[in-house]
Every structure is written in C-alpha cells, then in structure tokens.
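Below is one structure; the comments refer to it alone.
As written, the chain order gives the labels A, B, C and D, with residue 1 at the start of each chain.
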Amino acid sequence: MNLPFARPLKGIIVPVVTPLLESGDLDVEGFERVMARLLEGGVHGLFLLGSTGEGPSLPPAMREQVIRIGCAQAAGRVPVLVGISDTCLAESLRLARLAGERGASGVVLAPPYYFAASQAELYHYARRVASEVPLPVFLYNAPSFTKVWFEPETVRCLAEEPNIAGLKDSGGDRIYLHQVRFLLGDRKDFSLLVGPEELLADLLLWGGHGGVSGGAHLWPQLYTGLYQAAVEKDMERVKHLHSLLMYVNTQIYRISPTPCSVFKAIKCGLSLIGVCGDAMAPPLEPFTPEERAVLKERMQEMDRRLMEEAAWLAAAPAGSPS
Amino acid sequence: MNLPFARPLKGIIVPVVTPLLESGDLDVEGFERVMARLLEGGVHGLFLLGSTGEGPSLPPAMREQVIRIGCAQAAGRVPVLVGISDTCLAESLRLARLAGERGASGVVLAPPYYFAASQAELYHYARRVASEVPLPVFLYNAPSFTKVWFEPETVRCLAEEPNIAGLKDSGGDRIYLHQVRFLLGDRKDFSLLVGPEELLADLLLWGGHGGVSGGAHLWPQLYTGLYQAAVEKDMERVKHLHSLLMYVNTQIYRISPTPCSVFKAIKCGLSLIGVCGDAMAPPLEPFTPEERAVLKERMQEMDRRLMEEAAWLAAAPAGSPS
Amino acid sequence: MNLPFARPLKGIIVPVVTPLLESGDLDVEGFERVMARLLEGGVHGLFLLGSTGEGPSLPPAMREQVIRIGCAQAAGRVPVLVGISDTCLAESLRLARLAGERGASGVVLAPPYYFAASQAELYHYARRVASEVPLPVFLYNAPSFTKVWFEPETVRCLAEEPNIAGLKDSGGDRIYLHQVRFLLGDRKDFSLLVGPEELLADLLLWGGHGGVSGGAHLWPQLYTGLYQAAVEKDMERVKHLHSLLMYVNTQIYRISPTPCSVFKAIKCGLSLIGVCGDAMAPPLEPFTPEERAVLKERMQEMDRRLMEEAAWLAAAPAGSPS
Amino acid sequence: MNLPFARPLKGIIVPVVTPLLESGDLDVEGFERVMARLLEGGVHGLFLLGSTGEGPSLPPAMREQVIRIGCAQAAGRVPVLVGISDTCLAESLRLARLAGERGASGVVLAPPYYFAASQAELYHYARRVASEVPLPVFLYNAPSFTKVWFEPETVRCLAEEPNIAGLKDSGGDRIYLHQVRFLLGDRKDFSLLVGPEELLADLLLWGGHGGVSGGAHLWPQLYTGLYQAAVEKDMERVKHLHSLLMYVNTQIYRISPTPCSVFKAIKCGLSLIGVCGDAMAPPLEPFTPEERAVLKERMQEMDRRLMEEAAWLAAAPAGSPS
C-alpha cells in the first residue's frame, strides 16, 4: 500500500543507513533494527537509498532488497521515499517502478552524476522521469556528489509539473534556498526540505517544510523536537536544540579527515549503541579504532549535553508533523 | 581470444563512441561501422565504455552488448580495453569478468564517482579490483567527472601491483604528469596515456606511451601520424600535426556551451560523414541544428587545413606502434 | 571626535560608494550628497573604503580624502568605520592612524589579498594590527576578493582580543555563521554583521547584530525597516521586506554578467536618481547604456513594489538601532 | 641607462627575493649579495617586485628602494623587469615611471587583484597601462594570487599593442599555453615565459622563450643549463636536468603546508647558504625551525644529486641566451 502524503510533505525525514555484513551483503537484521528504532523514535518519514544509505555504492539486487524490506517494515506508518538517482536513466526508472510496487510514497532524483548536464538537459531529464514514474518525484541537490544541481529557475520550471512534489537541497547554500523560495512565490504544495542540519532551523522558521537529517538515527527526538519548536516559532527552544545540532555537526560528523566522515560517523554511532555494524560499502571505509574512540567520547559528551537540555527536549511529542 | 599486449601499451587508443538509435537502443550497425572505420584507420587500440563511449549512462545489458560486439569485431587485431568504472564495486567486477570472457586485453578503472574516496580508500579499492580481475588494469583519472583522482604517490604505490599496467590521465594537468613520471622513475613497463589531445605531443616527446584520443574517430591518420612523428622525434612534423589538433580542440570540440560539448561534437561529426547517428544517451543531448551547421563548416575548414598539411601527414604508415 | 559605540555595534551600516569624476578624481560634491542622503535616511552607521567603496582601487591620497571628508560630514552622528585592508601592513596601519585622527569609530580589516596566508599567519597579522591601531577593529571576510578568510576557530581566538570588536562576514556561507556563533557561545559584545543581503534577516532573527548593506544607498528605509522588524521578531513584516530585498539581489544587482555587477548597479542606481555619477575606478567599468536601461526599468518596478508594500515599511522609525 | 633587449626576451629571468631585516626594513646588503650572486651565476634577466619578491606586501617607499638599488646594481648587464601589479592604477603607473627613470628594461603587469575584472575590463586596463608606460610591458598570469587571468583571446588582442612585449604565465596550465601559442600563430617577437618550473622544459622545446624561475637563486647554473640544453634540443640532457628541477619542486618547495611555501623555501635556502636572512614580509612567516631542518637535509640531498649529474651540467656556459 502506498501511503499518500498530504502535500507539501513535512517533517523530519531520515535518510536511512544501509547496514552491511562484513561479507558485503545486506545486514537484514541490522536494517530492521535501524528501521524499528526510527519508527519508534517518531520521525516523520524515511528516505531509502540516499547518500547516507550509500545507494550509489550498492549492487542492483541489494537496492531491491532495501526497497522491499524498508517499505514492508514501514507498512504505511510514515511516508517512505526511495532514492532513484543513477547515471543511467533506465536504472532510475527501474528503481522507481520497484518503489511503486513495494508501497513507497515518493522517489528522490539527483542529477545524473557522471556527466555534467546543462540546466536544459537536467530540466528535460527530470521532466521525463516525472512523466514515466508512478510516484511523486522530489528533486535532490547534492552538488558535492553530482557537481551540477537544479538551479533556482530550473526548480521553478520543474515545480510546474504536477508529479514533482518538492526539493531536497543538500547544497548547503542558504542564499540558494532564499532564491528558490522567492521564485516559487505562493506555491504552497511544493515541499522544501534541507539536508545540512545547520540550516534546518532557518528553513523551518521561514516556512520551509522539513529536513532530511541523518543525525536522527542517533537522537531522533532531538530532531523532531527541533522541528516542533520551529513550527511553533518557539525561538528560545529552537536555539537550545539548534545548539545541540551544532555540536553534532561540528564535533561528531567531522572526526575523520576523509571527505565522507559524516556517513561513517552515523554508522559508527549506531554500532556504538548496538543497533548495527559500522561496515561501509566500498570505496568508503569505516572509522579507524582511534576515530571510533573519539566518537565514543563525544557521544558521551552529547549525552551529557542532552541531559542538561532535557527540559527543552521534553516538550516534543512524537506524532505527525504539523 | 584475449590479445596480450607488450607492456607498456603504446599508441593511439580510441575511446569508441556508442552509437544509439532514436529509441535509445544500441545502433548495432552504426557501432560496427565505427569499429570498422577505426580498425581500417590504423589506430593502435580501442577503449570501449569510456567517457566518450558514455559508459556510465548505458544500462547494464547494453554495456554487455558493447563489450561482446566490440571485442568480436576487433578480433584480436588490436588490443581492446574496457571501461569498468562504476559507483558499485560489484558492477565493476561484473564488467571486468565479461571483458575477460569476450577477449578484451585490459580494463580501465576510474575512481567511483559518487562518494569522494580518500587516497587510502582509492588505493585499497584499486588494489582489490586488480586482485579480482582477470585482465591488466589501467587506472583512469577523469577528475571533471569523478571529483577525486589517483594522486601521484597513490599511482606510484599502485604501480607496484603486477596487474596494474598503466595510467590513463584525463586530468589535463601537465605538472601532475611530470610528477607521476618523476615518482615512477625507471619503471619502463607502466604505460602512461593521456586524454587531453593538447598534451599528447608533450607526453610522447618525453617518452610517454600514447593517447586516448576521441578525435581519431574523425581523422585517424592525423592522430597516428602525430604519434609516429613524436616517437621519431621529428619536431617539425610534430608541430604541424599538433597545430591541426589544436584546431580540433579549440574550434571543433567547444561549439556547444554545454559541459560535454566534446562528446557531442564527435558523434555529430560522425553523423555528418555518414558513419552513425548523433543521438546521445540521457542526460546529454546532441548538438542543436545551429551547432551542427557550425560543426559542418569547421569540418570543411579542417579538411582544407589537412589538405594544406598533407605532406606532413603522408609520412605516417599505419601499423603497430613503435 | 571619535564617536564611541556601544558594543556590540548594531544596525544597518552602509558601505559608502566613492563617487568619481570622469577625470578619475574624487567627486567631492557627489560624495557629500551620498553621505547626506544616508545620514538623512536614518542608517545606523557608515563604512568608508570597503569593497562597495572601491577602497583597494583608490590611490593613497584619495583614501585620505575619503576618510577626512566622510568623518567630518558624519560629525559623530553615527559611527564611521574605515576599511584599512591592503596587501601591505604599513598601509593598513597608516589608514588606521588617519581614521583615528579624523574621528572614525572603528576600522575594518580583511586578510591581505595577494598572498594566501595560513590561519596562523592571519591570526598573528590581525592581532598585530589590533595591538597597533587606536580604534576597535572589525574582522572582514570577503573570500571572493581575498581567497582566504578567518575560519571559525580563528575568529574565536581573535575575539579574545579586547580591541577586536566584531566580524563583518561577506562569505555568503550561512553554515559558517552558525559555526562562528556556536564557537563564540556567550560572547555578547562581539558584533556579528553580514554582507550578503539575502542573509540579513536570518542573522538578525538569531540575535546577530546587523548588516553591511550596499542597497541602503538606494532604499535606506527598506533596510532599516527590515532591521527593525527583525529585532522586534515581527516575522510577517520581515517576510514582506525580505522579499523586496530578494528582488534587489536577484534583479537589480545581477544585471551585468561581469563579476562586480553589484557595485556597478549601486553607483548606476545613484546616478539614475541624480545623487552622483556612475564612473567606476579602474579596472571596473560602469554599466553599459543597455544595462543602465534595464536598471532603470527594474528600479521603476521596485518603486511599484515598494508602494504595494508601503504599509509594511511605514512602521519603521529612523533612529538608533535597538 | 635602460638596457634595450632584443625581442622576444629570452632565457632564465630570476624573480628576485626582497631580503628583509628583522625590523621589517630592506636588508640592503643582503639584497646586494643576492643580486651579485645572480649576476655572477649567469642568469639572463632579473625581475624585481614579483611574487617571489613579495612586491605586493612591501610599502611604496621600499618598492622604490628595490627598483633603485636593483637597477643600479644590474647596471645594464642583463635586462631588469619591474613588477608594477597593484590594485590601484595610479600606483602601477608610478612604479612604471620609476622603473623607467632608474634604467629598467621592462615592466610586468598582473591583473588588479582585489576586484575580479572581466576580460574586456582587463583588456582596456592593460592597453591603458601600455599606452602610458615608457617601457615594454609583459602581461603576467598568476591566477592563484589574482583570481582572474588574461584569457588566450585577450592575450592575442593585447599582443597587437606594440608596447606589449610578452606574457609571463604562472597559471600552471599547459593547455592554456598551447592555446596561446596556437592563437598567436606566427608572432615571433612576443615573448612567452613560464613560471612553474615543471613546465619550463616543455615550453622551451616548443620554441617558447624562457622561464621566470625562483629556484635559480639557489642553483643558477642548473636553470641556465636546462635552458641551454632545451634550446639545443639535447633531449637527454634536458631530461637529466629536468629531473633535478622536479626534485626541487616536489621536495624543496613544498616543505611547509602553508600556501606560500615556495617563497619561504627560497629565502630560507638563501639563508642556509649565508646570502641573506629568511624574514618574510607580513602576512607571510618564515619556515619554522623544523621546516628549516628538513630543508637543510634536502638541500644536501640536492647537492648530492647535482654532483651525480655534474656531467650534464658542465656543458652549460654562462652568457647571453641563444
């Protein structure tokens, strides 16, 4: 059953990690524990096969497995989005069809990431995907991975397509987000979601719709709490919870000097709390033992800070995003 | 039959285009005509599924088809390299096995192009591929597509692996090539091949081994002629032929303002001379009619220039590279 | 008389243009008219010899003239900051001394912009300037001009110096600003000012202190109005006025495809309303007649929009920033 | 007396360091020793106030001092070029006049380095400088310092000006150099000089004219020897001497992780052999004691290598460049 979602899609959407066995196969039980943790944690949606899920590194068969198990376990409780970005159009369409069959609520499309397409080429590409795909499509900017992105005017044009439901922006450029908002004007049903967690509160305070926040694997209530506080315009609470997110982003995510430290940190964090292992899909490698030890200390410091700020967190009830 | 090649691999290797029908399917006959043209043109090797071949944009089944038909048609007359670059290790290994079964002589591996791997991660990745693949592996730098590349010290370490046979560098950074050469020192069997055609003569004059030159689709003898002239240290001939290559690179390849103009120009040029169509795999789009008209004029100008320089070209016999 | 300012310095600080005669000399009367317009417009501070003021393009003697006339005309009514950025330490110190003698309230220091200094070198440099200069120093990030900037940890260290009073950030990176704020923690007297006008409202809503806003030359009440609205947390008014700023930033500032279009637009806009001429200091050149015509139309459109939003603007009284 | 030079200017031009006392003043005696060393070393020209000379960091009065002393000491024995790059046109013209009065042979102009000028603005700027300056002007590309550079087509247009005598390119992009050469065609009197030492041999082998080589402070005969070998097309000798340059560039210049390590290395190297001190103009700082110790070792290793290759060096007589 595909859970339809009210447009615009709102809330904290978690880009779910893909736990792996040392053999490289999917760690099915670990994946189920991750999913269970997130669903119990009250997050508002799930995003499979994104960057945090290492989608592009996984073999086609494992991508299917992730879609199948993930959708089944979500069982319509929250919307499930599926990443279909690829360098090959046919593979993107295949994943989208699978997602539709398995009950996903939408798909997420970044620009093809080998050749740099022009904006006109991107526009045609996304429009074609949207016309051939049975589910609402979210555009996805991740220029550090894909080099090119959907420029504001391209987003404005694509937002005219009924089947394009929103934009997930991981470009980290706040001015870009203001430009998109300015161009979209009164469009109320087009969802604006942000990747970098430092920008989540900013976006929400201005009426943006949500975040795709990997850190919610580790502290789901912190992220839903920040969401709730921002929606309620409770600036004092926003500031306290945002400050905790800043700790995560500056102290937890950047422990390794390698470019993809953030994804390694999340999996390693989950392994430190016993949810799944920290194996990464090639070419990425997990934290070294030294990095793991640093992470452990900083997670303890984070727990201390969460305790200190417990009053600000308490207010946040789980449930559907307002 | 896999044609073994004498190390280091030398000469003009053509990164073969993948002709497509309007339907998006492989244009088998067009592909055969392209292959025939190149084999008759006397080029020294073929590289299937590279960037010019739009490998990353092709579905898995079409990649197989290209390997099968390409290897069969080459039939051991010249070495065939197969691009196995992908974001997923399993797909790279699958392509390499197919290449081995079909008679290819080597495979070509760029860094996985979604996540930016660290140099240590790249080193482990390439070593693993080399150890699991039945054919010699060429490293491939294409940072405009893959963001990261094999840094000189990483190349030096990987060159220790017996199954790593060379480097194809399309980074366009001449200083990098000098650094690699300086680090490799006396290694005589490690092949240095260069992508950007402006650097081909430089590399050859210093004892580098060859070029991966898309322009040889259109003027194969020009490229083999330059190769021969450089190997013979005939500087006067080199300068004349290099100047023709500069015309190609500045006037033919950059007609479209889009980032991948060069690949479009080669296919459009082939279609202007009746070899195959100009359809590109999504997301790329062919030259517009206006761009095509400009290309037509410039190819005529190029013919005029080739005529003028005919004496410098004549000297170049087809055959195996010295 | 040097007007001391309460720390942290707050409000809309205008980076004053330097009007020039066709001869290249300072247009003294035009400069006086610009200054008068800004002082009457109720802005909260003035910044001489910044990027908008083309400070680095002006000869040493003209820099002195600007400091002398500007400080005299401000006459202690609002704080005057003076740009002392240069590639040569001695020139920066000379300008700072002149600023002190003429009654400026502070100086503004960007990293020396020829050689890229390391963070340690920048730290020592700024500390040395702060110790030798008689006025409070504001750090200035303008990486598009200076290549390097003061990284968050460097700002944190420099903020310990009693004579370093704030940071003017024109880097355009909102995440950077969150990082600086997170690192500074409870520091209440260190002024955070932002250059890019798209980020002004964001910064103010979080408790930042002001903007260095060139657009206030043309519509001073719009900028002071936005400031007031943000300080009062009147989100509805903020959104309306911010939307007008987005028009300025996307439609007015980017008319010319040249890199410094924004500075040309401000001077050309001032010339369209008869305040001063549009001559630029070499190497920059003014808008072409075509660009000027486009600007004229868009300023009329802007007037129309301002009229439409007049109710949101009315609320803003001139005066000292709260 | 201004030494006129035969066009195109050829040979190894040394970008002379500016020795400083700990007080920050010019180390006049050190400067004279540096100059004497270079003149005795047989280099073909001198370039004062370039990047290696830290020109942009020096106060106006010290720039005059350097021009006066440097020109007097060269005394017409070799051409002296003077760097006049600045962010302010008037200062560039002032330096050019001084250079003319003191007997320099030419001036060197990089793009103004604060504001990024468009190519049209750069063209007008350089043409204006050329028309007002009494000496031949060399264009100077140093994009790591100035952000923008003279694009090939701009160089072609400026090369039409009789008073523009050449291009010193420190962009490090070999393809750019091929493009400039291709566009300039038969222009035989326009000097092409290259900054990055790794590209010196390439340029000379193709008929380029020389290098602006900081390493010649330490090993002047190595650089003039490479020049001579390349002019004589003695490829074997070129390779041996180039390999020594590669050692300098990879092992000597990059000892410090700071961005301007190369300039620090040259001054520190001169101080290790007792020619002058290693003080740098702010914001740069000299090598740390640890870096200095590494440099000492590597210079000893370099001496060992020079000894080993002594036969290849011997051939190079000092004298005017052929």
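Going forward, contacts are C-beta pairs under 8 Å (C-beta built on N, C-alpha and C of every residue); 3 or more make two chains touch, one makes a residue touch a chain.
Everything numeric in this text was worked out from a predicted model, so none of it was measured.
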| note | Top of the farthest list for chain C, CA-centroid basis, is B
| message | From the mean C-alpha coordinate of chain C to that of chain D, what's the distance rounded to whole Å? | response | 37
| CA centre of chain B versus CA centre of chain C: separation in Å? | 51
| field | Residue numbers of chain A (touch at least two other chains) | value | none
| remark: Among line, ring, star, complete and other, the chain touch graph is ring
| request: Mind listing each pair of touching chains for me? | output: A-B, A-C, B-D, C-D
| note | Counting only contacts in the complex, chain A reaches chain C at residues 172-175, 178-179, 182, 196, 198-199, 202, 205-206, 233, 235, 239, 242-243, 246-247, 250
| request: Name, in rising order, each residue of chain B that touches chain A in their complex. | output: 51, 54, 56-60, 87-91, 111-118, 120-122, 124-125, 128, 144-148, 257-260, 263, 281-285
